[in-house]
Amino acid sequence: MRKRLFMFVGLAVLLGGGQLFAQELTLEEIKFSFDMIWLIFAAALVFLMQAGFAMVETGLTRAKNAGNIIMKNLMDFSVGVLAYWAVGWALMYGSSSGGLIGTDQFFLAGADSVIYRDWMFQVVFAATAATIVSGAMAERTKFAGYLLYSLVISAAIYPISGHWIWAGGWLAEMGFHDFAGSTVVHSVGGWAAMVGAVLLGARRGKYVRVKGKVTVKAFPGHNIPLAALGVFILWFGWYGFNAGSTLSGTDPDIAWVATTTTLSAGAGAILAMFTSWIWFGKPDPSMSMNGALAGLVGITAGAWVIDPLGAIIVGAIAGALVVLSVEFLDKVLHIDDPVGAISVHGVCGAWGTLAVGIFGDLAKVGSGLTRAGQIGVQALGIGAVFAWVVVTTLVLFGSLKAVGALRVGDTEELRGLDISEHGVESYSGFQIFSNM
Amino acid sequence: MRKRLFMFVGLAVLLGGGQLFAQELTLEEIKFSFDMIWLIFAAALVFLMQAGFAMVETGLTRAKNAGNIIMKNLMDFSVGVLAYWAVGWALMYGSSSGGLIGTDQFFLAGADSVIYRDWMFQVVFAATAATIVSGAMAERTKFAGYLLYSLVISAAIYPISGHWIWAGGWLAEMGFHDFAGSTVVHSVGGWAAMVGAVLLGARRGKYVRVKGKVTVKAFPGHNIPLAALGVFILWFGWYGFNAGSTLSGTDPDIAWVATTTTLSAGAGAILAMFTSWIWFGKPDPSMSMNGALAGLVGITAGAWVIDPLGAIIVGAIAGALVVLSVEFLDKVLHIDDPVGAISVHGVCGAWGTLAVGIFGDLAKVGSGLTRAGQIGVQALGIGAVFAWVVVTTLVLFGSLKAVGALRVGDTEELRGLDISEHGVESYSGFQIFSNM
Amino acid sequence: MRKRLFMFVGLAVLLGGGQLFAQELTLEEIKFSFDMIWLIFAAALVFLMQAGFAMVETGLTRAKNAGNIIMKNLMDFSVGVLAYWAVGWALMYGSSSGGLIGTDQFFLAGADSVIYRDWMFQVVFAATAATIVSGAMAERTKFAGYLLYSLVISAAIYPISGHWIWAGGWLAEMGFHDFAGSTVVHSVGGWAAMVGAVLLGARRGKYVRVKGKVTVKAFPGHNIPLAALGVFILWFGWYGFNAGSTLSGTDPDIAWVATTTTLSAGAGAILAMFTSWIWFGKPDPSMSMNGALAGLVGITAGAWVIDPLGAIIVGAIAGALVVLSVEFLDKVLHIDDPVGAISVHGVCGAWGTLAVGIFGDLAKVGSGLTRAGQIGVQALGIGAVFAWVVVTTLVLFGSLKAVGALRVGDTEELRGLDISEHGVESYSGFQIFSNM
Amino acid sequence: MKLIVAYIQPHKLNDVKEELYKSDIFKMSATNSLGCGQQKGYHESYRGVDIEVNLLKKVRLEIAVNDQFVQLTIDAIIAGAQTGEIGDGKIFVMPLEDVIRIRSREKGEAAIG
Amino acid sequence: MKLIVAYIQPHKLNDVKEELYKSDIFKMSATNSLGCGQQKGYHESYRGVDIEVNLLKKVRLEIAVNDQFVQLTIDAIIAGAQTGEIGDGKIFVMPLEDVIRIRSREKGEAAIG
Amino acid sequence: MKLIVAYIQPHKLNDVKEELYKSDIFKMSATNSLGCGQQKGYHESYRGVDIEVNLLKKVRLEIAVNDQFVQLTIDAIIAGAQTGEIGDGKIFVMPLEDVIRIRSREKGEAAIG
């Protein structure tokens, strides 16, 4: 019978002079305990990033769609954990078939405490990839379609490319290095977001064609403080995301990883701020926030192999890049990404992956490749994952579109998804100009 | 003199070749250190659940009472920690008198670092039980009365039934199993919430009797994004709540507990969503959030003895149950619970406790009972705690009501408790239809 | 090549019977690992306090300046980490020149994993000191000026007085004790805030002189729930701030520190509530929140040497003190501090530092001083840091003021800094009376 | 036809609506408003500082009615909103020249209801 | 001069503005409003309870125009807001005695545009 | 009696209130409003995209006054709100047929103040 009499046990131990443990606790168990609490702690932090994403996406879109965004973030995680439990983990970490795909451990069959620990740490990464997409597809996607998408990315799209890189698959074999997932997690989410945004089309009124010339309009986010809170929460979670990816509670490089993560994020925020200041005349809050995230995404691949100064450079470039990318997608390509997810996660994820080749300590990377070779392999990995995600999500979102399950109708969009998809309002009682 | 010269110490150690520690650190100290950092870490996470409750309750009620809800959440914790320090801990974990009540260690007398550690981990559980109630009694309770209630539940009601189960009391002796507190914490809060809500009566205008027929009205929550943030924070805190309840940083089952917790929550959210979808025609955000919480509450008792598949089933049932229960309390019993606290914590807490008997691995439970026997003991425990809480809170809230300290007047309620009880507004400057 | 094949390694270990680790993991590495994960975990929690400050400050000011406050909080951290990496750490923890200033390790030159760990833990403290100021200077400071200020405080002002106390400098030598930074962090921020607020002058319309008599007006905060969330997040972060300041994951006093921190915060909230209740007739939410923070700041210096009962007294006095101090600054001195930062961090920081002398266990303090002597040294330290910060920030803010970089123009202030400094609105679509 | 504008206490809106319903007046529009009147009102305080609440929250009702309904409407509003205390509000009656129903382009008295 | 007050569906505001622009009417003021009308409307539900949404969100437009513009304005509003469904809204026309431009103290017809 | 409606810049509300107080006009009601006028105004930008802020924030004042107060009121508003820049706002004067004080059922001129 399990009682919560832990204190007595504790006391007994103290009195018993340690003999108890000398018998009980071996060095391997100590090592195991470090890894356990470190990874579960880190997993909890990465879990909280769901809240971060939810707040960022809610804050940067309009009030009339807030409840819908929230629902998407809640349900992509909920659907995702079941999918990753049933199928995703097996495809990612099951015994490899030719370095392409995992083939066993469906429903976590045969799992022991090590597998549960690793599953717990991995599932929150899978959910991160999935949730990135909701931001780019915000304010116009059908809820049911989104649920289906969540299922597929968590069960198959993310795990398979993840297998190539993190489970000893073909890219790993070639020496591709992605420490905590600039490509595995962020680019996968970012490219899926891009395909989704393109197939959906822009929000009504975003790009207005007047006499052959397209005018770009802004739909300002309705709650900047909430978005900022989300950014801080994401940054916090990133200490689990990156430092946890040492995968070991005894790795002395935990501190190194935390340091490079911090510096890159700071540099990203600063550079994005200055870029927006120079470009638009004022330091833009939401761009600066995107910059911090860009710095975080950028250093994710190389947090362990890039040194602090390198991290600052990587972050700074990511910070500038994210502003340029947002501008380019919006003003030139007219791809409507309400929160900048494609730029933050797709583009800066790719940049960070490449940066491993450019700035990484090759000895630590340990692939045996030359610098040029490493850069080449990194580029190959970026390209392979891009291709994989674009093709699969084209099929996925394309099918949804074909059966009319992708985009809500015009009136639904104008009224807001909260009312049309969920029959509720998110800010009941507040006077809001919901038509804007 | 204590200086913050830790780095030099660290360096010395590295240079000193470990000799220093070989002398210093015994295996028992290692075990102790694991438990210490794990439990304090977990306690911090459980503490943050206070923020989660505050946000959920604020978000799901009306803007004109937001500051009042906040105050209740802040003060029930503040009052609760002092009460649990002075009296609560002693009644719960002091030397047992007949398995009914603890009798010493008032004011933590004689505490050592083990006791401080355990107090720290326990006090946040006590505060969780206390804070559950504020949601169900929201928007109409007198602030002073609520303060008194906080004192009593943290000092006596919660600790005494807690003693029966977690401190080797009579229920523990019988083989009752409640791993992290579906009954000890959540049901206690839920049943107290029920008694409070019944004695208070419904919010003005909630149930309108027209020609003998009662029409139920909805008072939509004023800030769904904030409520959602609260749910994510609660979920995050639950990793401390459940995984921390291994009470040991070296328990390999930490990962198991985290896994079952995650899966149950996901299943709960999904089932609540579908239930609301089928029933009301649209997937309801606040019900889906309640579903995630229901899944978490449901698995809390059995997180350690139920396997992942079982956890999904427990969570799924909790998710459906919470919707039915909310409907039943509202539409049939006309008990006005603005945030669904009775259903989430009381009803799903009971369900989760029962589920231990149904799905639990009896070997792990270790009570030596048969399955039927275990189910019986679980049911007995549910009933005993229900009776204890209902009787004591009837006395408590009944007395407050008798002296007129329970419910604010009609005008106060209409104006909102922020103005009438605290003389402030929570959203100064915003135009809000506060009359609705 | 680093693969994420951690689970196989784990399995190998389990099968390998521990031999692997017996060879690998020495006791010193175990100690090191405890310290590493504890400090990095604590650092992450302290990082999250940035979110807490951002929310408190945003919530307690007006909607038209919300984005600006957010930007200040994001950028003071971002600028601060780079500054503390390049210069701050060196001045604080570099080899001491006469106990006055550190002189090497610029740009973290020569850092190993111990230094990275310690830097990570220290940088979040530096950022805390920096960010305190933004609240007191809210709603009227020029953004560019604030950026410059952030740079200077993180690079020089904070590190130098920090060196005196935490790096074996002259105050440390004298036996001054400040466990986690009531003076080192909070008072530094608080006094800088005071100088900033005085040099800036009050917000337009705050103190209206009618016929020689000054009428004090209130500008109510626009989002009390967000402010409350911030307070809970800060409290959560404080477990990293204080308990982490044991600087060791094997210190049995971790629990003691967490306990005193909890009790002091609770007592602070309660006393501030009652003080405001008695004084203003109603229990004021924002004052009660300030009270919790006051209790936390107050116990920060003595969390390790003051016992639980002492902690309650320290917190209670801080809670009352913060209300009196806010009143005194506002109604008598007419210093306009929108969020109470000077009172919470400056005044209660000083109180907490003094309380070490009054209530601290002298044996644990270990300075060898008598009680009177300890009180004297604590007072001396408070005075020295006060003088240092006041002089340096007078120069800093004075110069900014002289070149017109300190305060925005009247129209900018009336319109709100979101529009005038950043060209955006924070609550787009909401109807807000922004003129109030 | 007249346009009746009434400022009432926010928490009286439901009562006023009910009274109007009883008089078969179902159409109206409501807006939030801040009012300055005789009611110097309750004092709010924030962090111990009195807030000069000289702009109090009111609900502004706008009701277009045919002439024979004017008195009925006024009576209903008074029935619902009157407490006898300062701050109960005011009713303004203004001439209304024309009403058009957007849906049907109906005009005048037919369009009002 | 007339003051035209129109209640329209919120999501029709942009269309109405465009139609008004086409008729060279550039000046107007808009407010949020809650309307009670024939439209018993769509039902919202919250946690399974139907919300009696008898106060629906509307936008209230106020446009001061010279007499010769009245019909034009009405037509433009109808063009932009009419869907033929209940809830399209109402237009009220009221007499306007004077207009003053604060900036220049101009009065009357000259000040309106 | 007249109903005076004025659109002013939000940050001029306090100045206008003070000027009105000086002229012994203490009663008024204020609402938020979005205005479309000559002021094409400052440009906001969000994430680098110019926001076509053609609906600018204004405060709408409504003041019911007896005839002899009309000019005084107008002057006070102008005194408080005028800067000479585009966007200062407009004042509309409308006929007011009756006023009723809800509290006392007083009518007409007696009820206005």
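Think of it as A, B, C, D, E and F in the order they're written, each chain with its own count starting at 1.
The criterion applied here is as follows: a residue touches a chain if its C-beta (ideal position, glycine included) is under 8 Å from a C-beta of that chain, and two chains touch if they have at least 3 such contacts.
Quick caveat, the model's predicted, so the values are computed rather than measured.
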Fewest touch steps from subunit D to subunit E?
1
Interface composition of copies subunit E and subunit F: same or different, split at half
different
Where subunit D and subunit F are represented by their mean Cα positions, the distance between them in whole Å
19
Averaging over Cα atoms per chain, report the distance between subunit A and subunit B in Å.
30
With chain centres defined as C-alpha means, what is the inter-centre distance between subunit A and subunit E in Å?
45
Where in subunit F do residues touch two or more of the other chains?
30-32, 34, 44-46, 55, 94-95
Multi-chain contacts in subunit B, i.e. residues touching at least two other chains, fall at 29-30, 32, 37, 41, 114, 117, 220-221, 223, 229, 280-282, 284, 286, 423-425, 427-428, 430-434, 436
Each pair of chains that touch: what are they?
A-B, A-C, A-E, A-F, B-C, B-D, B-E, C-D, C-F, D-E, D-F, E-F
Could you list, by residue number, the parts of subunit E that touch subunit F in their complex?
3, 17, 26-32, 62, 64, 94-103, 105, 111
Complex contacts: residues of subunit C adjacent to subunit A:
1-7, 10-11, 13-14, 16-18, 20-22, 24-25, 29-30, 32-33, 36-37, 39-41, 43-44, 47-48, 50-51, 54-55, 58-59, 66-67, 70-71, 73-75, 77-82, 85, 107-108, 113-114, 116-117, 119-120, 123, 143, 223, 226, 229, 418, 421-431
In their shared complex, subunit B is touched by residues of subunit E numbered 32, 34, 44-52, 55
In the complex with subunit F, residue positions of subunit D that touch it:
2, 5-8, 31-38, 55, 58, 60, 74, 77-78, 81-95
Please output the residues of subunit B touching subunit E within their complex, sorted ascending.
216-218, 220-221, 276, 279-282, 284, 286-287, 323, 326-327, 330-331, 340, 431, 433, 436
